[in-house]
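Think of it as A, B, C and D in the order they're written, each chain with its own count starting at 1.
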């Protein structure tokens, strides 16, 4: 892991309320799909904590996709190229997709598309062509679809039906799982979606990795703030045990 | 490094007076990949108990204006694992280790002190009688002079290590508690731990913390901490470590002027884990430019 | 205005539960040029004493992270000038006037209450036993149940006006103080006044306030205030007015869920003097959209 | 007085660390030289208080000159056209220069030039040509000199001698007062300068108005935070009794 005081090099605004921030590596930003960085601008006392964002691109530039939901994400989305930001990472454990020969099905909900995009592109780079299921409330919240489409087979669901299937992304997943019973699942999105995906997977004994979120302070395994209760009854820490965990660990059936 | 920052807190000698606060820097070793942790004046490790503790139900942290609430519940790996794991590495890295200890009785505190007394590589004990996030022990010892005195005396009898007693802003008579623990043998005082607060998610109508209340920390509470350091400094002559919302040299100097002989950086580590090193560098420059030692500043606020 | 926000605090009926906090809105009349002050649920005017008070030596205010310190020292024009000046205009403007009173003895508090009892156009008295910025009275009555009870009883005997007693976060046993003042006849409780803090200008080495310490207010202290409202609500059944860092509807709702039946906006008036009106408008929309009355929210945090 | 939520229409940066912010009136920003506005951007909790700035221009647009000294002024100087700001004003009592037939000598120190510029331009508009003495640490901190020069006779002093007289602006004032014993003085600047100017005036019984500063919260006479001790032993409030006060009130000789 590294801590960098670096600068924003470019900002794309793929849709209202979203910003794709690129920042300079010194010399390189490293990381695997599913890993994240803790990011903060030079804005003083408030908000005081750094914010967690999944890596979307690594290399000479790193990139994160920010969805504006509160004051920290607002500040980040309002930044300009040249502004200073602090980046700590790569943090946590990413998706493990090495040597998984089977069909990969990636499920993204909302801004959960960030690590899923990087995962899809990594898979594509290694010669796979994953199936990507991407859900959002409406078409205005679907971002970076072209990039997804060049990495895999994309199917889209929106709750308001403004694009693709009207309904939940898990509806699409159900269909795919019927055709592809031996798939490997990789999912990131809101808690409700992750739970639904995980339970489908657990019920079918389909291997499934989910990228979870939790309020964080340190991002480095030290504050013990990001605990989630695992099925085992133990606490797991999203920043250091996760954010990618096996669906079984969290949503496995009671024994 | 000129040595200009070298600091004495009673029997405790430190490279410099900028420490990291317990619970906000893990066991220290987690940060060796991003910084030279041996440069830190002292690493107060996460509160250690005799046996491991899983901590409180999540969510355990939430953010508040210019601060945060935490209710970690002293999740820690326990004495044995600490001794055989992180402490070894801390020694290899030549870090200055201050062990924050937590017990539910004076006897538990004493037992921890007795054990640490025999362990190498520990600079001091920080006795946490001020944690607000546990049902037993913690703040319950720190609210009034008598229990605070009792715990301190038990620890004093159990070890020759320098003892820092960490006080609570919720103490009913903080100056009284300070006097009591100094009488009972504390070598230094850490002022302050968090003050309890609460935050509610108005959409879900649930508390933002799993255990309802948590300790408030960060810049938001700095004015309170500076005031308490000032008051404790007037009440006792023991050295004081100022804690609460330190983010930069200016903040550290504020504590010194109020009466502190050292400071700890807590929440600011989450903004930037290198905060303590930045303050150390700036402090050294400041001392050189102003021809003074940190101790020249202690208590020098002009009233 | 649908009437949906109408609020009862014991005998006190208010248009809506969003008030402005004493000391942060002057005598109210200063704001008539920029807003319709009759729309505010209640204007708690600057603390009034029997005779005028010049206040403390400057500087009297300074800013802190997400908050501020003040040591005004209850500078006010005194009873006579208030009655013949601002109060007349407040009546003409149909404002809801709550008089915050300050005395250095129970008898002074009672005398003020006796006088205000005969004056028209006053909705309630807010008895300030929690001001930290005076040498006598203020917080000295609010630290423990007994003096708090005594002042409240004296005021109760002197007036039929609804009485709100304003409590201090520094009380040694806040629930105990709350119970005592309710027993002594308080109709509602205002939780909370400021907590003392200190800030030092490291360049001049002087305290940033002329009287060294001052009261900390603003969003920084909201988690503390929400916690205290929650605790007092568990201890007494009297209605509670939540105070501390309210800046928007979300903040107000947090206090309601914790146990408040109304809120006061203080420091946020300095960010935007129309904050209370914005909250009132947003509150009305919220109640309509959620099909509820403000009182449906009181204490409804889900633990 | 009015409270406006308005937008920034233009920003000039006359020198590093200075920003001249123009904002839209609704329909007009009103005010006299020496009056001020309380200004705040939509930046959340920190800093929480609005900041006081002297009016530099009024009309369809208002303008303030911001010198960056801390976090609030930093935020304001970083704003962009289109950003929302809240403006409360005009507040306080400005300079009284109506019907003062004699020679007007205006003394500005540092960012104290803001109200002095507006005063000079107002005098010029009413047919006077004031003498303007303007001091700063160095030439890099002298701003808006052309505008000053078209309104009056300007003489400049810098502490480092990088432009004009090397030394204090009060050195210049001493010279002027010798030639113009019946001048009216108007001054704004740092406390030390104001005290020096005021004492020169009081000693010579020259009428002198000074614009003072003090930490403020409300800007409207209600918080009682901005007290200064007057010679009378009473407190005066900068925001409501001032900011322009007679030099006598504060620095008059002990009786």
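In the analysis below, contacts are C-beta pairs under 8 Å (C-beta built on N, C-alpha and C of every residue); 3 or more make two chains touch, one makes a residue touch a chain.
Bear in mind the structure is a predicted one, so any value in this text is a computation, not a measurement.
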Other chains in touch with both subunit B and subunit C: A, D
Between subunit C and subunit D, centroid-to-centroid distance (C-alpha), Å: 35
Cα-centroid distance, subunit A relative to subunit D, in whole angstrom: 52
Computed distance of Cα centres, subunit C from subunit A, in Å: 46
Numbers and ranges of subunit C residues touching at least 2 other chains: 65-67, 218-220
Set of subunit D residues in contact with two or more other chains: 45-46
Touch-based graph of the chains, sorted into line, ring, star, complete or other: complete
Subunit B-touching residues of subunit D, taken from the complex the two chains share: 45-46
Interface residues, subunit A side, partner subunit B - complex: 1-3, 40, 45-50, 86, 88, 214-218, 220-229, 234-235
Residues of subunit B touching subunit A in the complex: 23-27, 30-31, 33-35, 46, 54-55, 57-63, 65-68, 70, 72, 75-76, 218-220, 247, 267-274
Subunit C residues touching subunit A - in the complex, by the definition given at the top: 65-66
List of subunit C residues in touch with subunit B within their complex: 64-67, 69, 172, 195-200, 202, 204-207, 212-213, 216, 218-224, 226-227, 230, 245, 250, 253-254, 257-258, 300-303
